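Each structure below appears as structure tokens.
The following pair of complexes shares a single chain, chain A, combined with chain B in the former and chain C in the latter.
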Partner chain A sequence: MTDATPKPKRKSPVARTRLPTLPPASRSRAALGLARAAAEGRFEMQACADCGAVQYPPREVCGSCLSERLDWREVANGGALIATTTLRHSNDAYFRERLPWRVGTVKMDAGPSVVAHVHEDCHEAGRVRLALKLDRSGQAVLHALPAEDTPNMNDSPQLRETHCDPKHRRVLVTDGRSTLGRAMVKALLDAGASTVFVGDPATWKADAGFDAFVASDPRIEPVALDVTDTDSVDRLAASIGAKVEILINTADHLRDGGVMNARDVGLARDAFDVNVLGLMRLAQAFGPTMCFRAADGTHGAVAWVNLLSIHALAALPARGAWSASKAAALSAALTLRAEFAGAGIRVVNVFPGPIDDEWEQLTPPPKLAPSAVAASVVRGLRDGVEDLYVGDVAEELRARLRDNHKAVERELGG
Partner chain B sequence: MSRRLAYDGVVAAVPVTVPYARYSTHAAHWWLGRALAALIRESGIAKADIDGVCVSSFTLGPDTAVGLMQHLGMSPRWLDHIPMGGASGVVALRRAARAVQAGDAEVIACIAGDTNHVDSFRHTVSQFSRFAQDAVYPYGAGGPNASFALLTDHYMRQYGATREDFGKLCVAQRDNALRNPHALMRKPLTLAQYLDARPITDPIHLFDCVMPCAGAEGFLVMTEERARALKLPGVRIRSTIERHNAYPDDPIQFRGGWAMDRDALYEHAGVSPADVDFVETYDDYPVINLLQFEDLGFCAKGEAPAFVREHGFTIDGSFPFNTSGGQLSVGQAGAAGGYLGLVQALRQLTNAAGDMQVADARIGLVSGFGMINYDRGLCSGAALLERGTA
Partner chain C sequence: MSTAILAQFMAELLSGRIRLVDLTQTLTPEFPTIVLPPELGQAWPFRIEEISRYDERGPAWYWNNFSCSEHTGTHFDAPVHWVTGKDQPNNAVDSIPVENFIAAACVIDVSAEAAKDPDFLLTIDFVQAWEAQHGRIPERSWVLLRTDWSKRSGAKEYLNMAEDGAHSPGPDAEVVPWLIRERNVHGFGTESIGTDAGQAHHLNPPYPCHYFMHGNNRYGLQCLTNLDQLPPQGALILAAPLKIRNGSGSPLRVLALTPRT
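Let's turn to the complex of A and B:
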């Protein structure tokens, strides 16, 4: 049974901060198919479209019949652990800092034998489940997990290297006044976050409901934060930047209005100021400190979450300016992901469908309860995914985009 | 099998070793060049008269055997580059023997060597193969220690081998190494020291691991006639085998390609395991020795632990084995590790083994094993060698 990870002790301010190192990141292009599945928490392997043989490690042609038609498919993830070892030595700096480290050979029910990281609760020569997880270098790796869930299993040190669990971590929610922001704060507190800094973009505007919410839990710390104001962002980073281990950017500016069918670009400028430039201001102010603290003790900085929208991928003409800002935010987020890669900080992009709040009043159902979106984000952090499509509308739009993106253009415009 | 020609009229000769060093500031070219120079010096054959070369090296990059020829000023009419790690020696021998038999070359120099810089082992391991890069190295970067630990763990569980069994072989090899002036490890090793050594990658402990080092090995292949004319004692090749990626459906390696081909090996040679006077295996980890005892017919599958308990493995033991001390006590000089057993066997069969000489050695078995490309060693080979008459 895994021991629950204790809350980190207060760190001596003169102690050296351990700098981030990364596990080996080189992969062949074919092997990156594993990353696509792991990024969304799926378990997929290459399978031959002609003879059906499941392939591992990923290949260019089928190792059985030499067909070049290798697809990625969800395959059975069960198997038998037939050999294990505990490494007490490694050639790699990242692993040297994390020894001992358990690995093993799993004979999969689907066919291949795989080398995998092995969870401490797996029994020698027993049954295991395999999961594809992203490691700190952002690459997919196989983890053998016990056949049935065990207490605190997500707290095992090896598994902790793949996820961004908010438990015992300090989190900044950039806009806590919105319905979604509040739901996010609540979900984080329920998940065991030690502190949630709640951004207040309008301290000048009294809001008894918000004040009551902030007073409802001693772990909530309200902070003034206007993401459209560089000084505001910088002031907050100077004050709490070294305490933020997860940053969740909930700030949004959702308004109706198109591109040609708008009186001027005022609305678009406001949307871009919050959704794109706001993201950049936050990244510039908080990002470097988070990078520095990415391997700081057991609960270093781990994740940056962007609340985007499925319409970052498919413009909604009725909200054309806003859609454009979400698409631009996605692009900026992909650059941010590349910039954070060297520190091993995960950038999680969340693509919800319409959320049931005041700005979506006229949107017909189905709409997502803010608490459902928040729960999904927490689950994503615990599972260690990096792309999160939330709700039926998002899932459906994504499937339609894959099927025929030209149809989506025409249908959303109609 | 009957179609396979005998290796009539061809011999291997002139075993040479460039003394190993733990670390070297030289490049692989230096080690290989020294091996070639030693072959020329000890055979008395002019450099220009060596018209075939066979090369194995991990650290020669970006050069291949071709670049090495310009580096060494050679103009061979037959050239091979064998990247098969621990199977390189046996494979070089059988390729070269056929080339000489067919008249494609008169005298072939087979050389293997590698340098070892302070950080070159890490580079070799991290870029060993595509499958290793994609599916092994990211899992703890334990290198071959981790891969062999998994095979060892499985073998111990399946067949009841104990650390004492592995230890007995390691201690015997160390005894043999004490008589080998080229061995890097020249301090006696006791079973207690072996058992008390620190764990590296369970169940692999310190003395189960070979030590990477720099070094080179070489030998010549030529016609029997030529050897006789030069008064060089030659060793006959009774038979050889090689196999790659054997038993791909085994979920984990518990046997090597030898098991597929050993009947052909003995049949072609017309000898049986009982006729073998000494055995030189590829011993990067002790468990692989046990696999070779089984797969080469000295005992049945799963019975190697009992075989080890029954026999003595020193030079004057009941089963003279890895008489140089093997890689476990001499050191693993990269691809030269794949030549170590073969070069030692040539010494045994030409009375050049000095203090390591096995009395009345007439037939020797050499086996090779190489290339953990993903989860198992892919290349296997073996040769039955016989003392020449000249």
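Let's turn to the complex of A and C:
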């Protein structure tokens, strides 16, 4: 059984902060198919369209019949753990810091025998589940997990290297006043976050409900934060930047209005100021400190979450200016992911469908409950994914974008 | 004659017998702008970004870009700001005759009343009682409402928002036309975020100070400070807005010249 990871002790103020190291990152282009699946928490391998053989490691031609028709598809993840070994020595800086490290060979029900990182609760010769996880380099690796969940399973040190669990971590929710922001704060507290900094962009607003919410849990720390104000962002980073281990950017400016069908660019400018420049201001103010603290103890800085929208991928002309800002935010987030890669901090992009709040009043159902989006974000952090499509609308749109993006354009415009 | 007066004026200034009082709030990102329902167009708050600060972006110089609305911080309202003033002649900040940027001021102190009642409204009776004590309001004089609102710290206290909107003092719907008709005032100035009271949308007409002042080609000043340093009568106000083409107002530096007492 895995021991629960204890709450981190206070750090010694005179000890040198450990700098982040990364596991080996180079992969063949074919192997990056695994990253695509791992990024969304799916288990996919190549299968031969001619002979059906499942392939591992990924390759260009079928290992059985030399066919080039290899398709990525979901395959059965069960298998038997046939051998394990525990590494006590490594020449790699990353693994040296994390020894001992358990690895093993799994004979998959789907065919291949694979080498995987092996969870401490797996028994040799027993059944295991394989999972594709992103490591701190952002590359897909195979982890063998117990066939059934075990207590504190996610606290295994090896598995912790693949996820961003908010438990015992300090989290900043950039806009905690919005309906979604509040749900996010609640979900993080339920997940065991040790502190949730609740960004308040409108400290002047009279809202007894919000005041009661902020007072409802001693782990909530309200902080003034207006992402359109560089000074406000900088001041907050100067005061709590070294405590933020997960940053969840919930700030959004959703308004109706198109591109030609708008009176002016005022709305677009406001949306870009919050959704795009706001993200950049936060990144410039909080990012470097988070990078520095990526390996700081057992609960270092680990993740940056952007609440985007499925309309970052497919413009909704009725909200054309806002859609454009979300698309630009996605592009900025991809750059941020590359910039954080060296520290091993995960950038999680969340693509929900319409959320049931005051700005979606006239949007017909299905709409996502803010609590459902928040729960999904927490699950995504625990599972260690980096792209999260939330709800039927988002998942369907995404599938249809792959199938025929021209149809999506025409239907969203209608 | 005028030369001698100006020379004497400078001498009085230099000797400190005429004192300059800055009636201007510092422009900061935190200073609130007027709050309107979120689906309406919004005035930009003050925002500032560094261009360079003796660094690789500009080695020997420090400067900033800033942005704000015409109605951010201590600012001037031109008649064209309100629909009632849209057809007045010379009604925008670039066309207002420059001599209108200097005028005397009467400062009506309602700070005690406003402290007790944030929704305090200035009435004709109150002004007449004030005149009985301090003298009749001269023609073409600013009427400045001292509420000590500028001493409220932070946006929350300053805006004083409740579920039913902002609560801050201002003039009632009768006193504004009376000041124009009976006293021919130059304009109206306040310490709070607008020349009208926080709940002025419930008056008839709504926002009477904007409605009547601008409808009669008069001006507004708001977000003033240091009104407690001015005498009830006798101060001169320098308030020259930026020369924005067809501008409805502008942030500005408001200075008062006052005899040292």
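General observations
Going forward, the second predicted complex is superposed on the first by the 414 of 414 C-alpha atoms of A that agree within 3 Å, B and C clash if a C-alpha of one lies under 4 Å from a C-alpha of the other, contacts with A are read in each partner's own complex, and residues count from 1 in each chain.
Keep this in mind: a residue touches a chain if its C-beta (ideal position, glycine included) is under 8 Å from a C-beta of that chain, and two chains touch if they have at least 3 such contacts.
The model shown is predicted, which means the values in this text are computed figures rather than measured ones.
In the superposed model, A:Thr5 makes contact with neither chain B nor chain C. Between chain B and chain C, more residues of chain A are touched by B. By the touch criterion stated above, A:Thr150 is placed in contact with neither chain B nor chain C. Shared-chain residue A:Arg27: touches chain B; no touch with chain C.
Shared-chain residue A:Arg255: touches chain C; no touch with chain B.
When the two structures are aligned on the shared chain, A:Thr17 is found in touch with neither chain B nor chain C. Put simply, chain A touches chain C in their complex at residues 203-206, 208, 226, 228-232, 255, 266, 270. Interface residues of chain A facing chain B in the complex, by the touch rule stated above, are 23-28, 30-31, 56-58, 63, 82-92, 94-95, 101, 103-105, 107, 113-117, 124-125, 135, 137, 139, 141-142. Within the complex formed with chain A, the residues of chain C that make contact are 28-30, 32, 35, 39, 41-42, 45, 47-49, 154-156, 158-159, 161-163. Across the complex, chain A is touched by residues 121-122, 125-127, 130-131, 133-143, 145-146, 149-151, 153-154, 157, 198-204, 248, 251-252, 374-375 of chain B.
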